[in-house]
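A, B, C and D are the chain letters, set down in written order, and residue numbers restart from 1 in every chain.
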Amino acid sequence: MSVVTDVNATIASIRREVCLLHAELTRYQLVIWTAGNVSARVPGRELMVIKPSGVSYDDLTPDNMVVCDLHGRVVDGERAPSSDTDAQAYVYRHLPHVGGVVHTHSTYATAWASRGEPIPCTLTMQADEFGGEIPVGPFALIGDDSIGRGIVETLSRSRSAAVLMKQHGVFTIGKDARSAVKAAVMCEDVARTVHIARQLGQPIPIDPRDVDSLFDRYQNVYGQKDNS
Amino acid sequence: MSVVTDVNATIASIRREVCLLHAELTRYQLVIWTAGNVSARVPGRELMVIKPSGVSYDDLTPDNMVVCDLHGRVVDGERAPSSDTDAQAYVYRHLPHVGGVVHTHSTYATAWASRGEPIPCTLTMQADEFGGEIPVGPFALIGDDSIGRGIVETLSRSRSAAVLMKQHGVFTIGKDARSAVKAAVMCEDVARTVHIARQLGQPIPIDPRDVDSLFDRYQNVYGQKDNS
Amino acid sequence: MSVVTDVNATIASIRREVCLLHAELTRYQLVIWTAGNVSARVPGRELMVIKPSGVSYDDLTPDNMVVCDLHGRVVDGERAPSSDTDAQAYVYRHLPHVGGVVHTHSTYATAWASRGEPIPCTLTMQADEFGGEIPVGPFALIGDDSIGRGIVETLSRSRSAAVLMKQHGVFTIGKDARSAVKAAVMCEDVARTVHIARQLGQPIPIDPRDVDSLFDRYQNVYGQKDNS
Amino acid sequence: MSVVTDVNATIASIRREVCLLHAELTRYQLVIWTAGNVSARVPGRELMVIKPSGVSYDDLTPDNMVVCDLHGRVVDGERAPSSDTDAQAYVYRHLPHVGGVVHTHSTYATAWASRGEPIPCTLTMQADEFGGEIPVGPFALIGDDSIGRGIVETLSRSRSAAVLMKQHGVFTIGKDARSAVKAAVMCEDVARTVHIARQLGQPIPIDPRDVDSLFDRYQNVYGQKDNS
């Protein structure tokens, strides 16, 4: 099989994966209408695959996913890519370990974001997945690099795979698109549980040494050997 | 094809569209039992298509949608039209750019309405879709023009596609029925997120110039060229 | 067809109706596990049809519904009837206009019940369906007439089709089982919306004359002529 | 049929039951992604059956359930068992009447756990199922006996079938896996309802003698003779 065939097969497989993962966003009610998306890097290429803009989740197919370069220019696809493409392309350019990015306006996480307040680490699940508090990134208008730069700067100072962009919503990252979707699901779950806990009192913070211990175990031991 | 056949085909197509769009109201849990409805204008005619009154969403078919004139009188259909027909007909008579109207009692939006409190603009998504705060219309009894007049007067003073009718529920408008449904879905999402943000502090307002910039981009750039 | 065949056909039809209506309780998430039930009077007979006790909603069939007399004694059926049978039988004995009864522990209504607080009338939907506040009935232990008596005494002093039994849950009534289910669905919706409204301020009460006017119209005009 | 065949048939049946019961965790939204699990004791054997670690609920089959001994060592299965296996094995070793264990991070119960606050008994449903308040167990790191010991010590001092492990989540027990799942479902329902009641005031406590009476009836009379 030639190198060209190889990369075509890889892109076809990523189109399917990115398309299917949107079903997790709707399953966990992280998105409404067309307001949220998943993208994935094409490994070893300066390319990414992302949802088309303004298309209903019911109408997504592997074929209507859009392939862009890492400056957000369409390389293959008949639709305009998500309006978040520039921000996500910026993340792929500046964080080489990131293989997937997700954007949502999930309710509870966005509520924390709208107050500009990070989510404190009070649950073992948050320590496991995020290794501490979930940080807040700056308010940024769409249309230039400012959203992407805000994501990258905030996540570079944190172990968290999620950032709450002020007055806007959530971006999550992962080694691949599936991991980024998992982080989006867990971010909303943590945001909701800590919110509810705070309504009737103060959730107890977890000791930073325990946070380290939980994060280390979860990242290295949890799950099956072949897919952890 | 004669003009008569033409308008019949158009009405048949609008019957299907209006019928199907009710599934978005149930999908996003904006309605219970029979308490909410979608209508659409028949373009170029003094006609509208609306849900029958008191019929379960499971039992809706294109055929049992009701065609009325713009004073709410039944022109075609065996069922009584929605009890909101007069209000929606008033909207079509007075706002010629409106092609669709939706009415719900969606939980969070109705909670704001029951306090008579507009939803402040603190989220980029709200700026995108509504261009500012979501306003409150007057308390009005069903049975004359007062609901329709309250909707029209309130929306005429606002860029918002949604109005919270005091102690009652939500009406949304759009260039067609699908846009009005989208506004209903986003209105509840915004109402919920801002409510939850407010429970633990104050969401940060978005600068009015940023609201203008977001609204302008979203109305003119977002989505696919052929359906934005 | 003989009178015996007639009543058998009626009972078979009510078994189907009561069985199917439980799907509305799960659809609107008014119940968990086996904790809630629907019953119906057999018109013109001293009989009622009710859910079997402790049977999962997935496993309900018309055949395993239980026929009891109006003292809760099993007349036909292989299962023990709902542990709420005595309370519901009491309602049928004392309120001859009631053709259906529903019991749930739906979340928001039960929260009001656990504080012993009636739901004030601040929404047109509540005025329409309940004609005023939703009242609280006494705390009562299961095992004798005290639950049934509490329901009947409370509802006899009110236009409401729903009563919040203190520290327990909700009972609703209707002219038939479907109407009682509708009241259960709307009671939870109202309980939730008013709760949420109250979290951030005070919902505005509806003027009692407007409540009367809304209730009168909804009970007499709303819906289709043949099924209002 | 030989004894060996017998135990194999029993294990096959338990694999099916444990696998299927995970669908109740997702149905009632007690879990997200892979964060929660069900196990069952193999009666008369020093064995248990549990969910594999980090496997999506969609991908569970009877065959990929894992059989462990009561020290958490894999006896049969190709996957690593849940990371909660040690804690659940500890429960089976020390509480011989327990036939099933469930672990979730269900939202409202975990919110109480994160404040280290037991759920007071203010609802008849809680008296029925839990016989009083739902207690809090200690904060414990994963990796040794401390979670299992915390569960056993807490539940040994209570009639409750559920324990809120501080800053972590919920463990429930039952005579079999189905009963433990039921306790998990009801624990979240009670946690949610009491939380919501407390948001606007104080739910009324149930008199301890009434709690005893309700608990006794529900444990001994409710449901069908053959499956109560």
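The definition used in the following text is that contacts are C-beta pairs under 8 Å (C-beta built on N, C-alpha and C of every residue); 3 or more make two chains touch, one makes a residue touch a chain.
In UniProt terms, the chains line up like this: A, B, C, D = L-ribulose-5-phosphate 4-epimerase.
Note that the structure is a prediction, hence the values are computed from the model and not measured.
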item	value
Steps needed, at minimum, to go from chain A to chain C via contacts	2
For chain A and chain B, chains touching each	none
Fraction-based call for chain C against chain B, same above half, different below	different
Most distant chain from chain A, judged by the mean position of its C-alpha atoms	C
Separation of chain B from chain D, taking each centre as the mean of its C-alpha atoms, in whole Å	45
Distance between the centres, which are taken as Cα means, of chain D and chain C, whole angstrom	32
Numbers and ranges of chain D residues touching at least 2 other chains	199
Those chain pairs that satisfy the touch definition	A-B, A-D, B-C, C-D
Touching residues (chain side chain C, partner chain B) in the complex	28, 122-125, 182, 185-186, 189, 192-194, 196-197, 199-204, 206, 210, 213-214, 217, 221-225, 227-228
Chain A - residues contacting chain B, complex	32-35, 52-55, 79-80, 83, 105, 107-108, 110-112, 114-117, 139, 141-143, 166-169, 195, 198-199
